[in-house]
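Structures are listed in the sections that come next.
Both of the next two complexes hold subunit A, though its partner changes from subunit B to subunit C.
And then the complex of A and B:
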């Protein structure tokens, strides 16, 4: 019961929903950048939503299966081929022992999720299988996958403990598909809106500058990874005068070192905003303009460098509404596959 | 703790940052607090009163075992807390946390802290030329000054196990590097501003490197994962390059821990 990595892609890692509870030691949540996509991929193959799958960025891996399995691909659009035969995304399909799964080039989005029935069974590290490569923690030996790695499959399926049931259910699971209107795929044409809850150190910038921030169109910079996404192209921020606090001198974007919340938007030097993502550094000395709302964090994980982004100001009520809406969508998908 | 000592800022749908004043603020909502520093203290210094309040709040909230409070991350003058948004509304969590803090007393039983003695091979520091030039001191004098003080862990963060240690002797205060290094080796002992630290992992970094240690600041095999907690103390001592290499080849630790609390807040 295993999967062999023939070609790893650019940076393919084992991810589940992350490792909460260790941020005070500087260990970030980690886990899938697009949590919705991983949850749905797991649902499609009959796994618990918390099961570990593979996250591949910009380029898919080539995998060889040593046993029969059910597989589903979600997230970025990167057409899958099983022994050269096209397989649809957001739909579960059967894989026979010895078959090879590969991917065509990236058409839309950035990160692909591959769920395999039973889940990827790397050892739990602090309660999670998510790879945190910077800390060499979790996943397969704490790192991105390499050619020749063999990943064991586990028992993270919902019915894995009941063999008979399993066989009956297999038929129900195969061919599960998420209707197109329920899939979430980044658009390649229009600017992506990222909703921001202003706060924390918003008062550090001038009123005018705050307006520019939301008016300008930004572009994803090449420095965009699991730690954070950098954006460029908007007007630099102007700051309100102050005496510098303890910490790092006269740069107006510096603060007394503090914890960085997930999704927080820092602007070093006032020029290029960075949104901290799943592998966030837990703290530091840059001021934060606010926080990208949780409902839009998945979306960031699907942004390619150079795509256009607009930051949109929302209040807490709108942020919670967006979260509830996303939850409702997931609930609908769950209901399809009971 | 009087409620004029702290205030909340919304950080996200399920988290808040609590900021602390060193002294009572004239008006709790006055914009002066935005420097996250006591306005009466010199703004460019670690505010020890505020840091003490962070520590007290951190311990009280940990001890409260408040259901639905999920994470606490203390720093110099602020404490990030996250909560289960299905359990609390933002107003409720603020109310509950305020109540806990307002009834907290500085005299309550302090958590036992420890002092970690870290062996450093100062000879392996990469930045001696520039550090000597900028401080106007000899390498020998700087090492002596760096070893003299017992440092307190004010915060852990940035990277797993990165402990922010203060307060560095004023003679060693240097601005961070203009351009951060792309690669600082794990175990580098560094200084910047009023702080000193050990890099737990190889990472980018903007501090000045004055030595190397074998001390593991983050180890998934350790029960606590990191040898230090906020509130603990650190003292550095010097070892030769020979002793340093010997301890690596023999896998013998030269570091030691004492349980005695060396100071109270």
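And then the complex of A and C:
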């Protein structure tokens, strides 16, 4: 009951839905950057949505299975091949012991999710299997996977404890597929909209800068990873004059080191905005002008460097409405696979 | 102090106690976060105190953001009279100042520094009016420090110097952050010292290194077996300058699992501290070395 890593890809990690409760100590949530994609992948193979799967960025791994399993691929479009035979995304399929799963090059999006029936069974660290590589915590030995690593499979499937039902259930699970209009991947053509609720230290920038920020088209910079996504190409921000508060530091973008919300937009020196993501630093000394709403966080995980982004100003009501819409979509998919 | 409330998206409430750092602001942040915890408000998932602010993460499916805001604001009144005191501990942290590892690192990133020709300690000593690096190290290690925040990365403490404001060291951060910092480096930025708990990026000036691990995800270090993070807000630290020989000796003790950090229980009252800073610090040191 295991999966062997033949080729690891660029940075493939074990992730589940994360490790809440330790952010006050600088240990972030971690977990899938595209939580929707991981949840759906798990649903497709009959796992609990919280089961651990693999997250691969820009490039897929090559895996060898030592036992039969059901597998589903979601997230980025990176065509899967089982012993060289194409397999569809967002659809569960059977894998036989000894077979090899590999991936073609990336066509759209950035992060691929691989769910395996039973889930990846690395040890729990502070209640989660998610890899937090900066702290060498969780996942497989606290790091991205390497060639030769062997991952055990677990019992995170919904029916694992009902042996008699296994065969019948397997029939129900195989071939599960998410209708195309319910799949979510970043569009490769138009600029992606990321909705932002202004706030936090918004008052530090001038009115004009606040307008420019939302008018300009930004591009994802090469420095984009699980900790945060950096953007460039917009006009630099100008700050409201002030006497630096004691302890903050002399730069106008400095604040007395404070907590950073997930999704918060800091702009060190006023030049390149950074959105903090699942492996966020929990705090620091840069002002933030607002926060990407929770409904759009998954989308950031599917952005490739250089793609165009527009930040769109919303209020709390719109943020909550967008969140409810996301939740309803997931409910619809859940209802398909009861 | 007038608290400023703002939303961090639809999942966070961010509260700034004061723009300026002070122990008064820290204690308000601490009592507010304690009160939020005790109130057991439905939907609250993370409670994070910081130096002069705090942050609450919540699930808006469980509580409306505006309702939570009102609940937290209600707590402000009842905590305004809370006493700024703590039962805490004082800890000795050995520091090898001007060590070869942080020195190698600071040389590697000289193009990002205000003072490309000297070291970070030379820059800090000069900009704070000290005649020599040695005198500066004396000042840095001469008073106790107060852990006013834990975070950035796993278990990293921010430390606030327990002296009169006029004597507090202030050093700007690097012009552009480094992409590398040795694990357990002792750094400085703004008015805060820190200990980098893990290797990684960082913008604080590099002063030295401690041999004493403060974060251990494997929990093999004897004093981290109960929990992988060593520091918590309110801890008090006294730096002890050490040389290479002592640094190596402590590393050997750690490897042999015979090292125990020097830790003593101590009570701290902000009123007493403000009335007599030197006297309070003297008492704390007496406790540590008694």
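Note that the second predicted complex is superposed on the first by the 337 of 338 C-alpha atoms of A that agree within 3 Å, B and C clash if a C-alpha of one lies under 4 Å from a C-alpha of the other, contacts with A are read in each partner's own complex, and residues count from 1 in each chain.
Criterion: contacts are C-beta pairs under 8 Å (C-beta built on N, C-alpha and C of every residue); 3 or more make two chains touch, one makes a residue touch a chain.
This structure is a prediction, so every number in the text was calculated from the model and none was measured.
Asker: Put subunit B and subunit C onto subunit A via the superposition and say whether they clash or fit.
Answerer: clash
Asker: Which partner chains sit in contact with A:293 here, subunit B, subunit C, both or neither? Use first/second/both/neither.
Answerer: both
Asker: Looking at the overlay, what does A:144 touch: subunit B (first), subunit C (second), both, or neither?
Answerer: Neither partner.
Asker: After the superposition on A, what does A:204 contact: first (subunit B), second (subunit C), both or neither?
Answerer: A:204 sits against subunit B, while subunit C stays out of touch.
Asker: Check whether A:153 is in contact with subunit B, with subunit C, with both or with neither, and answer first, second, both or neither.
Answerer: In the superposition, A:153 contacts neither subunit B nor subunit C.
Asker: Taking the superposition as given, does A:327 touch the first partner, subunit B, the second, subunit C, both, or neither?
Answerer: Touch partner of A:327: subunit C, not subunit B.
Asker: Considering each complex separately, which residues of subunit A are in contact with subunit B in the first and with subunit C in the second?
Answerer: 20-21, 23-27, 125-126, 134-137, 197, 199-200, 245-249, 255-259, 261-264, 281-284, 291, 293-294, 316, 319-320, 323
Asker: Inside the complex, what are the residues of subunit A that reach subunit C?
Answerer: Against subunit C, subunit A makes touches at 20-21, 23-27, 125-126, 132, 134-138, 142, 197, 199-200, 245-251, 254-259, 261-264, 268, 281-285, 288, 290-295, 316, 319-320, 323, 327.
Asker: Which residues of subunit A touch subunit B in their complex?
Answerer: It is residues 20-27, 125-126, 134-137, 197, 199-201, 203-204, 242-249, 255-259, 261-264, 281-284, 291, 293-294, 316, 319-320, 323 of subunit A that touch subunit B.
Asker: What part of subunit B is in contact with subunit A in the complex they form?
Answerer: 9-15, 17, 31, 34-37, 43-47, 70-80, 82, 85, 90, 155-162, 164, 175-176, 192-194, 200-201, 203, 218, 220, 225-226, 230
Asker: Which residues of subunit C touch subunit A in the complex?
Answerer: 6-12, 14, 16, 18-22, 45-55, 57, 60-61, 65-66, 149-156, 158, 165, 170, 172-173, 177, 189-192, 197-198, 200, 203, 215, 217, 228-229, 232
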